[in-house]
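Note that chain A is present in both complexes that follow, paired respectively with chain B and with chain C.
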Partner chain A sequence: MTATIRPSFRQKLSAALAETWLRLLNISRYPGQLALEIIIPIVFAAMPMLLGRATAGANAAANFQANTGTSNYVAFLLIGSNTFTIVSSAFWHIAYWLRFEQETGTLESIYLTPTTSMTLAGGVALYSVVRGLTSALLAYILGCLIFRVDPFAGDVLLALLFILIGLIPLYGVAFLFGALVLKVKESNALVGLMQWVVSFLMGIFYPVAVLPPLVRLLALLFPPTWMVNGVRSALLGMGFFFGKWYLDIAVLMAFALSVPLLSFWAFNRVEQGVKRNEGMGEF
Partner chain B sequence: MLTGPAAWFSALAAMARKELTIMLRYPVEFVASFAQVFIVVIVLTLAGLMFSRGGARPSAANSPVAGLVVYGFILFLFLSDTLWNIGYNIRREQKQGTLEQLYMSPASKFASLVSRISLTLVWMGLASVIVAVAMSAMIGRLPFANLPLGVFLLVMALSGTFGTGFAFAALTLRVRETAQTVVNLVQFSFMVVCAPFFPFSALPMWLRYVSYALPLSYAVDSFRSTLMGYPPGFPELAPIGVEIVIVTAFGLLMPGLGYWLYRQEEDRARRRGSLSEY
Partner chain C sequence: MQGQVRIDNLSKTYHTRQRKGLFKSEEKRVEALKGVSLEIKPGEVFGLLGPNGAGKTTLIKCLTTLLLPTGGEAWVNGYHLTREANQIRASVGCMLMGERGLYWKLTGSENLIFFGALYHLSPSARRRRAAEIVERLNLGDIADRSVETYSSGQKMKLAFAKALINDAPLLILDEPTNTLDLPSARELRAVVRELNASGKTVIYTTHIMAEAETMCDRVAIVDRGEVLALGTAAELKASLGREEVIHIEGVISAQAGEAVQRLAGVSRAVRAAVDGHTQLTVVAQDQRALLPRLIETLTAHDAVLQKIVPEEVTLEDVFIARTGRTLADDTWVK
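On to the complex of A and B.
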């Protein structure tokens, strides 16, 4: 007769933190890659900035204000590109974790350990938050300093609150995406496409108001849209979707409660299906 | 060695078919790459339009911005794929352990290198046409002039980057995995110095001197200026006659130089027995 020992919360936490530490240790071996993660969002935001300045000349700020609600286009674009970094990190790290374990043949072994895939995924998510958030904050501050804009103007604490609450549904969506990778397996193509779909929907360099009505509705069902608009409104005073910050936060909270539940359910279903059919080892 | 045009084309067709077979095995990637191109152009164009008077509403005033972004992006797509794909495929053969066997066969090495990007070029060509049509429908008609000269400049620019791609393949044989980092850095620098997404006038003067030194900058400038019908201020780096000469020289000379470099490095790898090392 065999008895299944269920790990305690403390043991699960220890496993998740070990996974986080392993990944942080691994990435610390590649300082060049970390430096690039800070530089890329700045250059990315600089593209439309340079285009706008060159085509609109002295009217760049005025035109931008008329179209978006703020003349501070430097901060607007940097917030967009850095939120995009946080969102991309979530998708890449969760999807790439699964795919890497599949390709190296260790995913099946993980499922034989007494911990659960969700515990380890939680560890990966924590690592992803630390890495993505650190890069984004440093890139935002550095970008603002390079383009001579005050990075701490506006309500910084409220902006951080939007980010922190927004991270919960964001990783929920990333797990949903992880389930898709588990099923379809082509993670690189899916993540590559997904990060651009996300950037399009959340209004990385423009307000979602410029999108056609149906696409705008779709964008509003997507938590990062609320996150990026909340941060912009807190720092640049552009206006929350519902007029008041606490109403927008309430919507993000609703996402934070519902999206993780939906994604855990979907992930478990896909996981069970894969186990029953081709098995976790196939890629 | 199989010689003659018939053998060369036969080898090219066989290798291109092999690449197509691999490509078709990953249908999601196939479709995703297409959709990705489309979304990137929309995102960048909308970003540029936030600085224009009329915003994102379809208007004739949007044409210059859309032209800059769409034509710049099309050239960027072609050039970045051509630049890296040859070296990337060589690296893949090395990793799979099939590069040495490939070199034991009597097939043309040149055809082998060209086959790596022939499909990508067809695919990107199709994607570019659809992107241009879709963007015209969404934000107003794209400026579209001097098509024959535009195609000539595109072909010359591609030929030049083919040559640069051969040189990168040589670098791949020499430095192996580090080549990926070098290429990332080059692509990243290209996005800034060759200004595919904004006019050169947006660059600070010291950086513009770097642009003046690169034939690819002239390729970007002449290609988009020609298709946009030379609006005031374009081309930005030199008179169009001079730019055409530079791009043509780049297209004619670089493939020979790049292939020579590749053969040198290949001979070196054969002598050292490092062809299959990775």
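On to the complex of A and C.
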């Protein structure tokens, strides 16, 4: 027999990477979608930009400075829309992965193998990060060039740190959401709804400070809010939630440690529940 | 010696919600397995024969840890069903639900290599193993085409190939010839036999009597979640004892069939449609004594008789004798 009964960490990693590779192979067969992914965030950010120019005219930058702490509303909006790309690609890729495989029948095939769903989830997350981050970065730079602002003013490394640490709780939340998708066997409506809630809470087009207190509290319980604010503060110097960058990073770290545990627990519970009843293949 | 697979009083109940209008729904329980116990010996081809809905797939999904049983225990390759689920998955090659279960956007080889990775084969071992299987199953012409361009039979073949990727000592095949044309089915059965000859234990499910009879060393006849009979084909047929079987073909009404059933000495009379005419299978104690009365009764009910064949007992007859139904009838579980 060729299969290993007790796989080493390296073998598990190799299985996860195979999943990443499979996703990349699969998407490479839909090139149009990739091009669209870079254009959409720019258009998405251009809309409020143009609205701003229409309502505030020449004073747009000054008004924006007074309300948010930066006059660079172009970069502000581009960061918002591109962080949203990262966030929404996490939700879409995880939810769609599970749902699509369930519908096509491949989910049962992979549950026949000794590779655990968590290992595969890691592989899918890596794919999703690569895809989300690449298109967000490309769209951000391209957007800045189009609207003639400097994409890399400010502390670029700190911004990256916020993104990298923020990714961990983000994917934690996405898997929590994936568990929900497996449970209710529905993805499109759920992701659609989730996107609106998330885009409202994390402040794509505005700082969360303008939200009413209760809604703002809700927004602050959501890790991507800290991610987008961290990036904006690092690049545009508009102020961290707790004043100092490392305090905000600490909050993200706390999310990074707790949220994945919660989603691991929830995912396992749903998985056992589904196996106890009708099985992964039913949809 | 402990068997390759030991199943001890395994049961599985599905709970489903049946919609009754917009907001109302009603819970429905389906007892798909009702306390199945079996032992499968190393090196044998073990058949699960039963009509659609008998519970064959459910049993296989339990054995491959896709489903948690409601009750009972099992050991597969010496590993405990729930405590050592990962070990079981690593040591079983399974073909389930045929062509679904493959990535249609990928090529055949890419599919095999991917699943090789999920069985923790090293990158070079994956490619080597995939190439070996492609060669062995004559998939060379299509291996580098995306699966969506395959015919249904080619997809089934690839699904079978996928079950071989981890070179497991136990192969579990759920109706592997289901949508195959006759030559492909014959080819697949030949490969299964070769694999068995090279030492692999095989669990083979089918609802086709002839397939179970030719493929399997031992057969369990399954119906409505229960094992009705178990043994070699010869033993099962012998279990009918002094009972004999007569197959009658022609135009035979339901009333005619019922009248035959009421004759003394007839234990079963089951009608089924076969190639546009009716076939009546009569299980009886003493066909010589029965034959004149049988013909009389049928003609009295306006039956047109084309062929009357006192026959060798088949496994299908065993099923009919036990259940009063043919294997072609779908089972329904309340």
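Rule of thumb we're sticking to: the second predicted complex is superposed on the first by the 278 of 283 C-alpha atoms of A that agree within 3 Å, B and C clash if a C-alpha of one lies under 4 Å from a C-alpha of the other, contacts with A are read in each partner's own complex, and residues count from 1 in each chain.
Here, a contact is a pair of C-beta atoms (placed from the backbone, for glycine too) under 8 Å apart; a residue touches a chain by one contact, two chains touch by 3 or more.
Worth saying up front: this structure is predicted, and the values here are computed from it rather than measured.
Room for both chain B and chain C is found when the two structures are superposed via chain A, with no clash between them. Contacts of A:Leu22 after superposition: chain C is touched, whereas chain B is not reached.
When the two structures are aligned on the shared chain, A:Arg53 is found in touch with chain B, with no touch to chain C. When the two complexes are overlaid on their common chain A, residue A:Gly192 makes contact with chain B while staying clear of chain C. In the superposition on chain A, no contact is made by A:Ser71 with either chain B or chain C.
Within the superposed three-chain model, A:Phe205 lies in touch with chain B and out of touch with chain C [touch as defined at top].
When the two complexes are overlaid on their common chain A, residue A:Val43 makes contact with chain B while staying clear of chain C. Look at A:Ile5: by the touch rule set out above, it reaches chain C but stays clear of chain B. For the overlaid pair of complexes, the smallest distance between C-alpha atoms of chain B and those of chain C rounds to 7 Å. On chain A, the surface touched by chain B in one complex and the surface touched by chain C in the other have no residue in common.
Residues 14-16, 61, 64-68, 86-87, 89-92, 94, 96-97, 100-106, 110, 113-115, 117-123, 125, 129, 146, 162, 166-169 of chain C touch chain A in their complex.
Of all residues in chain B, only 26, 28-30, 32-33, 35-36, 39-40, 42-44, 46-53, 55-56, 64-65, 68-69, 181, 184, 188, 191-192, 195, 197-199, 201-203 touch chain A in the complex they form. Chain A contributes residues 1-7, 11-12, 14-15, 17-19, 21-22, 25-26, 29, 104-106, 108-116, 120, 272, 275-281 to its touches with chain C in the complex. Of all the residues in chain A, the ones that touch chain B in their complex are 32, 36, 40, 43, 46-48, 50-56, 59-60, 63-64, 66-68, 73, 77, 184, 186, 188-190, 192-193, 196-197, 199-200, 204-206, 210.
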